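To keep things clear, I will list the structure first and then write my remarks on it.
Residue numbering begins at 1 within each chain, and the chains themselves are lettered A, B, C and D in the order written.
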């Protein structure tokens, strides 16, 4: 292990440069949500298939509510609420913004229907367009940028949530057809990247990017040992070996909390064995497993059990970030899937994956939530969850960052969550 | 049975006389279902608000499935199933008809959507219309008549289930507007009808009516003591006295099983206190309580506690039937609500009520379920439930009979369930 | 009741004649409880293995509490409570007697220990002995007789509850050794007794026996069809045929409520298959099944499914009583097990069984619970339970009556509950 | 923040020096367990008051089982198991050591009774004493030392578990009387210790102490920012201010997962308000709150909410360890309670507390569980739990270490768990 490092050499992320005005970005993000919802019927948009998911309709309403209560109401004198009762209906979890509808009952709200929601969005968009005719002041600008990133997060959830809902339907509905040219080359054996330890600068501060969530900062120094990390996530083919080696039936591979779950599982979420062959439920319907793809829809418990079985471990979130930053600097390949991120939305489903890390989701040194409702965005979830890094095929293009900290409970499987192996250097 | 009895004076129900062909009745019943569903959006028709209820969409599909598997498939050679997968999706509980979709997950099936369901109904209706161009043989005729009565039961459930779903929505949706001319006269004090005991003939046998459910027979003799019974159900005004006298907070009034529930209740289902005034959620939206109406949406526990509080008891199902039969013979007034049953559907909601009796839902002497799937219709539910007699404002006109045995678990409250008082003659 | 009936030939039960003073009966019953508890260690007497059962220690305390609060405190001026806190700890379910310790937490009360309980019983017994030096007035006498019958019921529960607790222990503890001379003859094929229908007098009124529970009255007339009934309960050997014929895996045999339970069961409670052979956990430890014994520890659902499988049905409680009364009048054999009831306690365990009937546990016509705490004894449980008739090997000698109505929820299996078949006469 | 540090100056813990032979230590630890159980009756030792706790009797058996299966069976040829069935009964969670009795049912095992357990312990102790007549080889020595530390952990659990069981008893049993001389001085205001950041050496490696658990290593370097930390835990008096300021009713103070729990709580576990005054259930029975004592029996959620309310935060486990090491080196005061640890067992109950840290319980860099059953000791619990540092009044003297990592789920409150505040240096 190397002992001393100067932090000076540690790369800092440069400022973003999207080249769009905030009004243009607003329109772009809002339109994307509608495009994502477009293939879904009124019935599809209404259901909530488990406590953790939400109806499409609710995502569309809640993201509009966010602009209404945090941008329009405080910053736009004379703004008329579309429907006062929506304050209750579309508040997700903000204690500072009053009472709210019970989370597990979102799927029972049949009215407002999707036509009402479309009107709600239109109402908000018109007011926002008016508001953005003049350049917003920095405070408002920050709120709107947060709102747009918030909406992008819900775009991803809209997809993972409808995937979960469709998976409850024995008729295997299709969200969008499988692109004809999908033809993945076999996954090459992973290469192991060696990363030197020492002091590293991680996380994100104001000014270093156009936007980052508060949980990505303060940027700070960490000390890492030398480590190695694979240059791509674990593939379906590799994971299938674990499954067929009895991985789910070998108690000593599992964390104690995961073991009772493992006993009920035969493979990742959405895998189905039919007449001896494995299939997966995807947004394109039921498809045969593709061994070349990254495995996904696994829990932290499965990621950890697989790594143990493979004689490796998960990287910490800082190992992941340090390795990713070096790579994206050009020194080495990007530590995520080598295929370019799918530009158009549909072709890439079920391919790019969030990667579970060995790090619990906790505040960075010196982190303080912002005062008020915005401070509830991230901080109050900092217990009982694990950090995932990277992005998935459902992440809106441009929404990802090397310092981005996604987080879910260790049992969660409905996200596009996979893993990348790491290990010590002997 | 060896011994013969003369049950002098005991009325036997006469044959029905609707005057319609079976094809006409088929069309009438099927159209009524569609009319009932018409005010409901695709979103409304999709949700299931608790295990015991079903989505509108499912009711529409399941009643069609009934004709498909019990009439068309066995009796119509060459009949093509609309969609083979619907056999699984729309089987409710018939073990003899193969596996079925999990009851509690009906609200997660977004596809088939309501347009698909309409096509399904049309497909079945066309085949049934063809089939009924010639008079069906008695076996088929019985199955179709059962199917029509079955669909009428689901028409009532369609209404009670959507009422329950809407009640979960804080925005208080309206199924249909309140008729303008609704103006109930105050409920007169109940009169007490004296009924002489002795041997009575109850229940229903084949031949005595056009149709009855198997659980209404065999007709048989019972011995009753003298009793008295009120000439109308308990009113909202009377029940409110019980509520305001602390009925829900007086443990000694309650059956042991009902007491933990009573502690969580403040009044009947759908009652809400707002700013000190009582309202009820109805199919017309949220309305102030009307003291003149029969109380409804109460459990058996509440019916029993009210009767104890009032120093009375519930009638048994045979007392109810005997009293009702005398009345409808002209000797006395009909033991149900004196107002004529509302002809058009909408005006009567929330007025006429099913009446909890003191009788458990058990087989009549000599009852045997029919062989095959039809035998599962009623018999396998004969434990843990109480009998309700009468009909409700949601019961389709013509579907009720004096021997009709409705049954629900003692905690159920989402039906239009009320009570009528009875007592001994001192 | 106004009309008169001659119930020619209907036997009325004669007065009991035990020949003991109430003080002698008090001592006898109280001693029996202690003898039943004697084989149990302090640890044994402490545990509660499910919500429905109670610790031995609690039974010993609660039966003493009954005399303390209903006999000594009101009738014995100057009586000093043993420990005021026991009023809370040992009240079972009497709302009229104040708050009480949570039923499901009885097994967490380690103190008072069994030595304290012995002192408590001694304290109560001394005071009661003093009180009974003079003949009690009728009111007190009735309360004490109720207390003694109450304690006898708890003697039976003490045995069924410890049997359940021991069954949770993989070490298969023994309550008492199996008597050496136990050697049952094979069960002869059942004979079918024909009983003529008509009007019958059932139930029990004050004055016809020394004692009966209030739920056994008022005596009243019922009308029965002709029926037949087996002269003995179903045997283990017969039930085993049902098991091995796949009875538990044939959905159409089961009531809908029982089906999910049946899927988790392979046979009666306490049956265990080890290396291909059936055993039962008994109070004598783990024993091979004895085909000659009556089957027991079955739920109502199993009783009903067995009867359906056998092409028969369960008798109603009135059929059972009428048949039993005729038999015990000498006309026919007693409708329960032909073996004499085991005089000494131990030899007979697991042999004589309560018999599920087809009757729900409901009030008899004209039944009114007594005012005050005593009125809570039976009446408030009259919903959701089925009646069992007869007695079991654990019933204290002399405690049974032909009109006795035992009752349990249809899923209950920890009582010595079996069944007897009945049927129509074709 | 200071940027560069040389690790050389970081103190390493010196080797322990107890001066006792392993045979003497064996006897000492084993005797202590029996002394702790001595005040408890057979009844007390039998119950399990929640899933997470175990009966005293089970602790006594399980710790003996540990020596039996890991020391005697493999290392003592010819050793005869006391009872083969105990292998099943007293295995806690070791998958590698075969099946085991269900954790939640430990309280239903009445036999073996406490006399049997005493015989079991005697049997194991005799064999161990024989085995230890000669100095064990290093492998065996490590196993026995692990067994002794394991038993010490169960000594603490024995106390916390019986405290929880007694707390379910409305009669408020006393484990041991309150010492007469208990008279705490008022807690002085906390002093804030400033600690310089930089690189620090934390954790424990083989050779640096006589014994440490595997989760305390490998020792490794961490980078810390400057921080400050209080010189004593938060007191009852301080916590009471939080309670009375409405801390439990202020949602914005709480982590989202803790909020539903907070709504059901009014204060720490075991606090009871009686007639307006606060009491706590302790091992000495019910006592008035002592404002001078450290607050304990709080969850991580409460610790975090209190710290937020106080404008501070919890220290990380490394901040805690670094501060504690400096202090115990003499530079500053020891960071735990200033009162000397109570030498004799009883006087100190409810005083010294484990301290929740801001660190999740995760493996140290390079941590690998040992192969075989011993590897299951710690590693498989490394998810979903938070680290506590320090020791409590129930920790056996000599069992604590500065590198000791205790860990519990964030909702756990039945341990003697409190908190110490930390913060940044502005």
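Note that in this section contacts are C-beta pairs under 8 Å (C-beta built on N, C-alpha and C of every residue); 3 or more make two chains touch, one makes a residue touch a chain.
The structure displayed is predicted, hence computed values, not measured ones.
Just one of C-D, A-D or A-B has an interface built like that of B-C, with over half of its contact pairs in common by residue number: A-D.
Chain C and chain D have Cα centroids separated by 48 Å. Between chain A and chain C, the centres computed from C-alpha atoms are 60 Å apart. With centres defined as mean CA coordinates, chain D is found 37 Å away from chain A.
Shared interface positions of chain D, i.e. residues touching 2 or more other chains, are not present.
Taken as a graph of touching chains, this assembly is arranged as a ring, one closed cycle with exactly two partners per chain.
Listed by chain label, the pairs that touch are A-B, A-D, B-C, C-D.
The touching residues of chain A, when paired with chain B in their complex, are 41-47, 49, 57, 85, 88-89, 101, 105, 107-114, 165-166, 168-171, 173.
Within the complex formed with chain D, the residues of chain A that make contact are 3-4, 7, 93, 95-96, 199, 220-225, 251-252, 254-259, 300-301, 304, 358-360, 362-363, 365-366, 376, 380-384, 386, 410, 424.
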